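So that we are looking at the same thing, I have put the structure below in structure tokens.
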Amino acid sequence: METILRDFGFVLAFVVLALLFGLIAVFIPRLIAPRTVGAKTESVYECGMDPFGSAWIRYAALFYLYALIFIAFDVDVLYLFPVATSYVRGGKPEEFLALAVFVLLLVLAIAYAWGKGVFRWKYEDL
Amino acid sequence: MEVRGPLIKFGVLEKLLNLARANSLWPMTFGLACCAIEMMATTAARFDPARFGAEVFRPSPRQCDFMIVSGTITKKIAPVVRTLYEQMAAPKWVIAYGNCAISGGPFVFEGQYNVIEGVDKVIPVDVYVPGCPPRPEALLEAIMKLEEKLTGYRRFPTPERRW
Amino acid sequence: MIEWLKRRYREDFGGDPLRLALAMVGLAMILAVVVAFLYLVVGRTLKAVWSAWGWDVVRLFLGMVGVMAVVFGNALFLVWAERKVAGHMQIRIGPKEVGPYGLLQSIADSAKLLAKEIITPRLVDRPLYLLAPLVIFVPCLVAMVVIPFDARLQVRDINVGVVLILAFSSLTVLAIFMAGWGSVNKYSLIGGVRSISQGIAYEIPMLLAIIPVVMMSGTLSLKGIVEAQSRLWFVAVQPVAFLIYFISAVAETNRTPFDLPEAESELVAGYHTEYSGMRFSLFFLAEYTNMFIVSALATVFFLGGYKGPVLPGVVWFFLKTYFLIFIIMWFRWTFPRVRFDQLLNFSWKLLIPLAMANLLVTGGLLKL
Amino acid sequence: MVAEELLRGLEGLGLEIREALYERQGFWFDIHCPRDRIVEVAEAFDEKGYWIEDVLCVDWRERLELLYHFNHWEDPRRLSVRVQVDPADPEVPSICKVFPGAGWHEREIHEFFGVRFKGHPNLAYLFLHDEIDFYPLRKDRVPIPEEDKRLLTSMDFSPEEEDAFWINMGPQHPSTHGVLRLILKMRGEYIERAEPVLGYMHRMQEKMAEVRTYAQYYPNTARLDYVGPLAFSQCFVGAMERLCGLEVPERAQVIRTITLELNRIASHLLWLGTFLLDLGATTPYFFAFDDREQILDLMEGLTGARLTFSFFRIGGLYEDLNDGFLEGVARFIERMKKRFQIYDDLVTGNIIFVKRTKDVGVIPREVARRYGATGPTLRGSGVAYDVRRSEPYAAYSDFPPEVVVRQEGDSYARYLVRLEEIKRSLMVLEQAIERVPEGPFRLQKTPKKPVPGEVYFATESPRGQVGIYIVSDGTDKPYRLKWRSPSFSNLAAFTEVVKGQLIADAVATLGSLDLVIPEMDR
């Protein structure tokens, strides 16, 4: 328990260090950099034109599907890490069977998505 | 539009920073007309502004140090040039590259309705490079003039001084 | 010296003794405040931490200093090296005039960026926009905690090091999306969306390529993985996993040919279009640090880490890492950019099935 | 022949057809068409497979004359259709339903002459800025009517439209090569519609020509298309020679051919570099520019300029060959032949490059015809049409270049066509430098004022067919001068094929067209 806490103490210290460094790095230019005061300095850059239309719109729903499969996947793949650490050379073959079934299920997920045409990029699908 | 000085300004610090700025001038990816081709030729292998650290062409005006106005300023593009200049982060400089950017070049005639005679009518200019189009060496020289403006001395001895 | 001081006095204080005196008083006051702060706050905290952690505090501070040195040294070196490598691949010479061999080029760049104006556009979503450059720097530093530079040169050997690094590396994607969404700029938004889908598409093959390594070494500690390669580097037994990992790593760091979030010819500067000065250079710094980290991890997982004959381990480690970085640079200056659907489908249709097959084969062979 | 068949059909419609003198005027037949029957005539042309070269307008003060130039790929003879318009009521039916490519020309005429085209879907201004309150190319100052003023700035899009994502690409954008502005209506990563806005580099070339003498105007032809300036110079001097009936010395013609081909190679190399830059590959740019510098060195020795060579003169050349030029060209040919290996290794065989360009931006034959696409863009779509072969100028009849054709019509085909054209140009050069005849390089006497008349001349620039139409009234200044610019028509075709493409593909397609902005903005 003590070691784990200390481990995360290290990690936390580095997180704080990173944030602190970023803050300092952004603060220094406030002191030593000249500033521009212009009518359009702080407006949105759009190739030199005045922006029109909103930038916050509903973007292609296609990405949503990718995100969905990913979530299913990422969690499942994480399960494999504890399995992998205890997966020893030689030993019982049914360990492999369990692993194979698990991975094949994941493959099935991809095959399903593939068959459903998630990976097909066609303008007409939109 | 104006550029205000920094909050803290020391002579030594400013000198050091100017030295750094002079050695890392990042131009903006902005070609207008004929001179833009010579600008591209300048960035290519033979002339290679990378030697002085001036090859990092940034497409976004927020991240670059100077703008090369390489071509004719028409009345339609003038507001764009001005907007881009205003959106650049200070300190910033402008090179008027070629006759068109200096005075309208060969496109000025009586009764013309579309050309602005010189980019300095729109934004302040630091270095003027004459020519139609100027050679790539001229652009390198302009960058060095800009460096000279910052540091106060020239990077290489001028030919006259050497010979 | 005296002359110089006199000139400074004339130029900076206008030869006015009153201004000099005022400056001196101001300086003294600042010093006093700093000393008091150090004694009262930092000193006491340190004392408390010391009593709880003992020598680990020294280790932590040395680690912080060392890691910052590595991060900056690496970024400065890589900026120079990339421009030099690019130059020589493109029949030119690259930086040359700024210092010997142009070595001071990156220092000049960073000094310039430090004194560059930071523009915050009016319409941005401030919390997201301001936090993004800070957040992107976190995973870079945290990953450094567990990387074993040598047998004894490691900030701390955490026993779930692999998972820690992978977990934190997802933050990069988050930060890029924060930047893209927070900028309220169309190019940034597309860059952000692309970055998310790219990040998630390549995280899975990356994970799947690491699992066989973990299986073979039986540990999640990076040092343990290196020690498991005493006899044979894993690249010899896991070439497919190495390739998959390396490709995914290039994609995770947004380097050409997978640099779609900042695709210059389509999206101007992608997610960091609206960032200027130091904020932009934080993104830059993170990119180069990430490059170092993924190469270092590839070294640890597949190339035997710090193991190697004759030379000290740390030298071997850096040699291998920088060799991989060189290959990443080589990619950048050779390949065009892939298209977005090709990028995603390459991962989903080829890399992931391949990684799974590799995992199964490894699992099967280990049981034989 | 197609032309005779068509003319018989048109005669049946009761149109007045006159034969023109090609040697002096540059087109074969003159078809006079009443204003209201132009759509009918256009349909007849369309049926026979003609493509539209150009639509232009001449202000004769008491009347406006519209000229439609049509040409045919298999039977390359230029036919000119004339429509007279009353300046008091300038209204003509639009033919953009038949030839969508004419739509842009019509917009241009509308904006410079005030001719209204009935049935045109979008007459918004392409070139001019919103402070203009008169029709620039009219001889008398005619103010823009109030109801037309809205067309200056308005485009027919509404940014408020729900769920629409508008992207503004340009004027300052890395992939638009200058100051082209594309307004893209997006649907996710896909482009639903692309609306180009031109005129950011409109430098009044045609207006300027009316103010300056022929000799004064001539250097500006090189500033139109700064990448391949000699094709434009050749077009101008060729037209003048045709108008005055000058016989250019043989030596000058051969040297013109050599410089034109060198210029073509230089232009294609520049395109190669920037095209790959658009696709995200930086290194080929440097190799291509390195080769290009060799050509520029040669040309600089000959002409004194690196970019905007104004080397040709009416009736010959500015200067004879300098010492060592031909040897230099021979050395360059040897060098260039070895360099193709680099491009093949670095680009042609690069799997990512092939995947990015194959089947991307396919311009079908039919689209190319209706929009009037020319040059490598057209030859990439499977049409063996090259002005150097169909209407040989300079010494191309002695050294006919082989026409490179690919059937696919995609960006990859256009890339291959251009790369192959460099090789073919080298072959032309190889023959030409062996056979430079002795003799004068310039006519001793050239007229300052051409005879009154009109003339059309076409050349093949690296981007496609350049055309010039000059009306001379016998003074030392042109009465009207009109350029047909290849990029203009190619871009019009681009707006058609870009629909439904990914934004990355649009960038690749745009790059593969090799646009030069000042050339189409003029």
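The chains carry the letters A, B, C and D, assigned in the order they are written, with residues numbered from 1 in each.
Criterion: a residue touches a chain if its C-beta (ideal position, glycine included) is under 8 Å from a C-beta of that chain, and two chains touch if they have at least 3 such contacts.
All figures in this text were calculated on a predicted structure; none of them were measured in a lab.
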item	value
Neighbouring chains shared between subunit C and subunit D, ordered by label	A, B
Central chain (distance from its CA mean to the mean of all protein CA atoms)	B
Winner on C-beta contact pairs when A-B is weighed against A-C	A-C
Subunit A and subunit B: spacing of chain centres that average the CA atoms, whole Å	40
Mean-CA-position distance for subunit C and subunit A (Å)	16
Separation of mean Cα positions, subunit D and subunit A [Å, integer]	48
Centroid distance [mean C-alpha coordinates] between subunit C and subunit B, Å	33
Residues within subunit B bordering two or more other chains	6, 17, 29, 45-46, 59-62, 80, 84, 87, 89-91
Two or more partner chains touched - positions in subunit D	165-166, 168, 171-174, 189, 285-286, 290, 502
Overlap residues in subunit C, where contacts from two or more other chains coincide	90-92, 114-119, 186, 190, 264, 268, 273-274, 277, 341
Contacting residues of subunit B [partner subunit C, same complex]	6, 10-12, 16-17, 19-21, 23-24, 29, 45-46, 48, 50-53, 55, 58-60, 62-63, 65, 87, 89-91, 155
For the subunit C and subunit B complex, residues of the former touching the latter	8, 11-12, 83, 87, 90-98, 102, 104-105, 107-109, 111-112, 114-119, 264, 268-269, 272-277, 280
Subunit C partner contacts - residues on subunit A that touch it in the complex	6-7, 9-11, 13-15, 17-19, 21-23, 25-26, 28-30, 32-36, 41-47, 51, 55-56, 59-60, 63, 66-67, 69-70, 73-74, 77-78, 80-81, 84-93, 95-96, 99-100, 103, 106-107, 110, 113-114, 119, 121
Touch list for subunit B against partner subunit A, complex	1-9, 13, 17, 60-62, 79-84, 86-92
In the complex with subunit B, residue positions of subunit D that touch it	128-129, 131-132, 136, 171-174, 177-179, 199-204, 207-208, 211-212, 219-220, 223, 226-227, 270, 273-274, 285-286, 289-290, 292-293, 296, 306-308, 517-518
